[in-house]
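Down below are the structures I want you to see.
What follows is chain A paired twice: with chain B in the first complex and chain C in the second.
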Partner chain A sequence: MKDRFSSFHPIVNFVYFAAVLLFGMVFMHPILQTASLASALLYSIMLNGKKAVTFNVLYMLPLLLVTAVLNPLFNHAGVTILFYLKNGNPITLESIAYGVSAACMFVTVIIWFSCYNAVMTSDKFIYLFGKIMPALSLIFSMVLRFVPRYIAQLKVISNAQKCIGRDVSQGSILARARNGMTILSIMTTWALENAIETADSMKSRGYGLPGRTSFSLFRFDNRDKLVFLLMLGLIAVILTGAVLGENTMRFFPSIKVPDKSLLSFTVYMAYLGLGLLPVIINVLEEVKWKRIESRM
Partner chain B sequence: METYRIEDVVFAFPEKEKEALSHISLTIKSGEFITICGKSGCGKSTLLRQLKSILTPHGKRSGKIYFCGQPIEEVDQRTQASEIGFVLQNPDNQIVTDKVWHELAFGLESLGCDSATIRLRVAEMASFFGIHTWFRKNVSELSGGQKQLLNLASIMAMHPSVLILDEPTSQLDPIAASDFLETVKKINRELGTTIIMTEHRLEEIIPITDRLIVMDEGAIIAEGLPEHVGAALNRMKHPMFLSMPTPMQIHAGVSSGLPSPVTVKDGRQWLNAYMSGKTPVAIDIIEDSPKQASAPVIQFKDVWFKHDRNGPDVIKDLTFTVEAGQFYCLVGGNGTGKTTTLSLMSGILQPYRGKILIGGKNPLKMNVKELFTNNVGILPQNPQTLFVKKTVRLDLYEMLSQTALTKEEKASMIDEMVAFAELDHLLDIHPYDLSGGEQQRAALAKVLLLEPRVLLLDEPTKGLDGFFKEKLARFLQKLNASGVTIVMVSHDVEFCAKYGEICSMFFDGSMITTNTAIRFFAGNSFYTTAANRMARHIWSDGVTIEGVIERCQKSR
Partner chain C sequence: MPEKPLAGSRLSRRTWLAAVLILVVIPATIVFGIVVLDDRKYYFISLLIVLYTMIPFALVFEKRKPQARELIVIAVLAAIAVAGRSAFFMLPQFKPVVAIVIIAGVSFGAEAGFLVGATAGFVSNFFFGQGPWTPWQMFCFGIIGFLAGILFQKGLLKKTKLSLCVFGGLSTFFVYGGIINAGSVTMFSSEFSWKTLAASYVSGFWFDIVHASATVLFLFVLARPMLEKLDRIKTKYGLIEPGGK
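Entry: the complex of A and B
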């Protein structure tokens, strides 16, 4: 299934991920954490399919368990003592709860990052940076052009040297090292020599004139606006909750979850809505498409 | 209206006595198509670079250059950047960014255009050049021809009034080159952009050019309509005449009193007019008596190759034999497996089925020394990949550094090689400062120091002008005469016809036909030399210019 959320403007993508990552790290509240973890899991599976399932089961689940177990072994704060270890240290309910919560947070953030990687491709990243620093975005673009080019050229040089018996794969260890140095030296000369023509080409197209602009194919259209506003609204609700102390709980010395109220319920729903935003967009688009298809 | 007026320009590089340009005067009208030709190092590129201040090399210049009536120094950089488009030789080096669309927008970004303008111009250019199908691709996925087209388009996006091209097709294969020239022609015809270009491939460019300028030693020696310039060069007995289109050369070789043809089509009509009332003479193909069946040097037996497990087969059931002392040419289109075949011979690649024998042995089982010393020598497509040292001399010595020879032996070997390759005046120059033809010879000298018995060449004539090609050919013939077997991959049909002994046509991963050069080209109808295309309705075996001239002269 093709992800539709990726087709939104990079600003929308970026703000979304910035928000979920930040909230995921800061808010330690069982309901919010469960919501965040669930939506991260769902979205990662939607994006990467089977690969995400194996990744989550094989790496994230053990990581979650290990982190959850490790905390109470080293952290002995809390008032509800369950039992004592052989060395006399207490194991407390609070430290176990905190361990589970921290592990959950850790895993959630990692899964969100895996989604981020799939959605924020290099050109989106370059575009965002270009907004802040135009020169930097050109450098990124040039790096992406020249690194593959140099690697290809290295292969050409290595093959040419192989034909006169001077490749890194030929001769004694000492000879190989020497051949490697030679190849690097040829590469450097070649790169510098050819860069002159690149510089000429840039200058001849007016590079260096004052007032350079930065062009991109991305457009901020109405659907971007709609989703962006919706997202900002949800973020505002969540932040209000944070200011009123609804989004965090107390672990030490004793566990205390904020009281449930209409406000806290609204915050939970907003948080779940934010987390599931890409999933909802994908599902809606899919339903719409199915309907069009059935009519055709 | 004139685009450029050049008045008595003299230019010399710093610390050089000799003038690179001497007393050039030229007026270029708006909308003209001007082609400048000449041997490499004659000052063509230096002249072109005078026409845009930011690309002008350091040096002493006198005389005046006016751009649209204004001295070029006084035209501000912004105007020059957008009004004067400049396309350079190497398609790869000119591309700056990683995406096709970004490259198209690069110049406009520099000029500070807003997004809406850039969007429009980029879209226009992509449609005009047919780039829209690969608009979002990475530039690394493009072919050489596409890259050069992209360079042209990204310059045209700035709406220049004059387009300067410095040997833009020298790195392209013939098909891509004619596509490119076709586009340049379209720009000139449909947009009225002034074109000033230097070119080696005159065959295709002369029919569309308004004015041909020939330079030698930094001066203009002939100028005017192509037909007149051709006649003038012929009168001067100038070596550049050998670069003129085949019909012109044949016409000059046969004194007929008819006007000179330029294209193959004109040439055919001229030939018909000339031959009317005469009986065409048949000349038997005199082939060197077939060399007594000598030992096979390279044998391919049912060879199959693919790059990866699930990839398509690149070489399919290839079987052929190269015998000792042959000059073997592999011709054919792009991506038909010619270069892959060379790599298979040198053991860089490995077939997954079938057998390759070099001198009766499998190259993969030989050790490095056995395979590349006294056995197989390879000249890569880009000679720059072989140069290691600061000067040509050091580079040649480096080649012998791993042998157990005494100093005197090394010196005498190198002296011999230098004399053979005519490198004596170039010994203390950095290899990168040599011209294309000289680099080719220096690299060849390097490879020959390993005393190969078989020499594999990959497109040795790429980017060389007619004069250097001739030189390279003589050089290869000398080698061939001394017993070295030569296997050459080339797109250069004329070169193979003139100097090759055996030619093979590659198509779809295997050989379609193999024959002696003359019989091979006489048997093809399209994939053959211009001389043959012009004369094949009368003499199907007239393959080279000399051959056709001889037949014309003998017909009564």
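Entry: the complex of A and C
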């Protein structure tokens, strides 16, 4: 399935991820954390399919368990003592709850980052930051381009060296290592010379002169406007909740969750809505597409 | 090619900016963390502080309107570091990034060292996966490059193999290991205690040893040829010496 959220304007993508990552790191409240974890999981599976499932089960689940167990071993605060360790330190219910909560938070943030990696491609990042820090984003984009280029060039050099019997696959182990070093050395010299040529070429094509346009073109159209405003509205509701103390709970010395009210319910719904925003967009677009298709 | 602004004014502007960040913004963030976020969000707050420390470098670099040649040399060195990291990806912690960052700092100055390190940390995570560890890695690589540049300028670090290897090993173990392990405490357990910190240092010990010896090994092999190549490029194309000497 194609991800439609990626086709929105980069600023929409970026603000969305900035918000979910920030809120994911700050809010420690069981309902909000579950909402965030569930939406992160759902979206990551939607984006990366099977790969995301294996990633989540193989890496994230053990990480979650280890982090959850680690906290009560080092943290002995809390009033509800469950039992004592051999060295006399108490294990408390509060520290276990806190460990689970912190572990959840950490795993949620990592899963959000895996979604971020899929959606915020480097050209979007450069489009957004090219205006604020042009020199640094140019460096980023050049490095991203150079890496595959160097790997390709390395193959060219290695093939040329193979013709004269000086490849890493030829000779004794010592000779192989020496050949490898020679190839890297040739590579470095080429990279540096090539870089200066590129720089001169950039200069002669007017790098740094005013009035230049950027390569990627993104239009901020009505669809973007709608989603952006919706997103800002949800963020405003969540922030109101944060200011009123609805979004966190107390762990120490004893567990205390803020009382449920109409307001807290609204905040939970807004948080879930924000987390699921890309999933909802994807589903809606898919339904729309199916309907158009069936009419043809 | 227009000359770079004098080193003195550049340093002072950065110092001024850094001072504002350190004296005003960072304490404000910590207070915000304690009062508003209930003093439980070490992870988030420390992430913010790490990001702040990188802002002065970025701002000063952008203000200076760097030349294409300068940009591209930094990009090449960062790309070599990233490619090197991906070439050895199957050996955990055996990465040449620190070695190349140190060489960059020595050859092109502290600022270039910082930028090569931070860029290499940032871009290599486009290949290995971004995460909450990215700012920490960027900062550690960057600050090692910055230190290398400063120490070389002050004459404490020489262009000899021995001097570079000693600096490389120590800085990887203490600066990189020291900061990254502290960072992982804030990542994994949001409850800070000296015991968790100690546990993190103990569990990270062998990783740091491997990383430090990899740096020493790479510096031993790469330092001389790389520095020679960079010097040659500088002489051939008239790139400016570090610090506008």
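We take it that the second predicted complex is superposed on the first by the 262 of 296 C-alpha atoms of A that agree within 3 Å, B and C clash if a C-alpha of one lies under 4 Å from a C-alpha of the other, contacts with A are read in each partner's own complex, and residues count from 1 in each chain.
FYI, a contact is a pair of C-beta atoms (placed from the backbone, for glycine too) under 8 Å apart; a residue touches a chain by one contact, two chains touch by 3 or more.
Since the model is a prediction, treat every value here as computed from it, not as a measurement.
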item: Touched partner set for A:M25, first chain B, second chain C, both or neither; value: second
item: Chain B versus chain C as contact partner of A:F113, first or second or both or neither; value: second
item: Chain B versus chain C as contact partner of A:M105, first or second or both or neither; value: second
item: Touched partner set for A:A135, first chain B, second chain C, both or neither; value: second
item: First (chain B), second (chain C), both or neither touched by A:N71; value: second
item: Which of chain B and chain C A:S254 touches, first, second, both or neither; value: neither
item: First (chain B), second (chain C), both or neither touched by A:M202; value: both
item: Partner chain in contact with A:A160 - chain B first, chain C second, else both or neither; value: first
item: Chain B versus chain C as contact partner of A:T188, first or second or both or neither; value: second
item: Footprint overlap on chain A, comparing chain B with chain C; value: 138, 142, 144, 185, 189, 193, 195, 198, 200, 202-203, 207-208
item: Residues of chain A defined as touching chain C within the complex; value: 22, 25-26, 28, 67, 70-71, 74-75, 77, 98-99, 102, 105-106, 109-110, 113-114, 116-117, 122, 133-136, 138-140, 142-144, 146-147, 150-151, 181, 185, 188-189, 191-193, 195-196, 198-200, 202-203, 207-208, 248, 250-251
item: Chain C to chain A touching residues, read off their complex; value: 37-38, 40-41, 43-44, 47, 58, 61-62, 65-69, 71-76, 78-80, 82-83, 86, 115, 119-120, 122-123, 126-127, 129-132, 187-191, 193, 195-196, 199, 221, 225-226, 229-230, 233, 237
item: Footprint of chain B on chain A - complex, ascending; value: 123, 138, 141-142, 144-145, 148-149, 152, 156-157, 159-165, 170-171, 175, 182, 185-186, 189-190, 193-195, 197-198, 200-217
item: Chain A partner contacts - residues on chain B that touch it in the complex; value: 52, 54-55, 77-78, 81-82, 85-86, 88-90, 92-99, 101-102, 105-115, 118-119, 122, 136, 139-140, 151, 154-155, 158, 343, 346, 348, 368-369, 371-373, 376-378, 380, 382, 384-388, 399, 402, 432, 446-447, 450
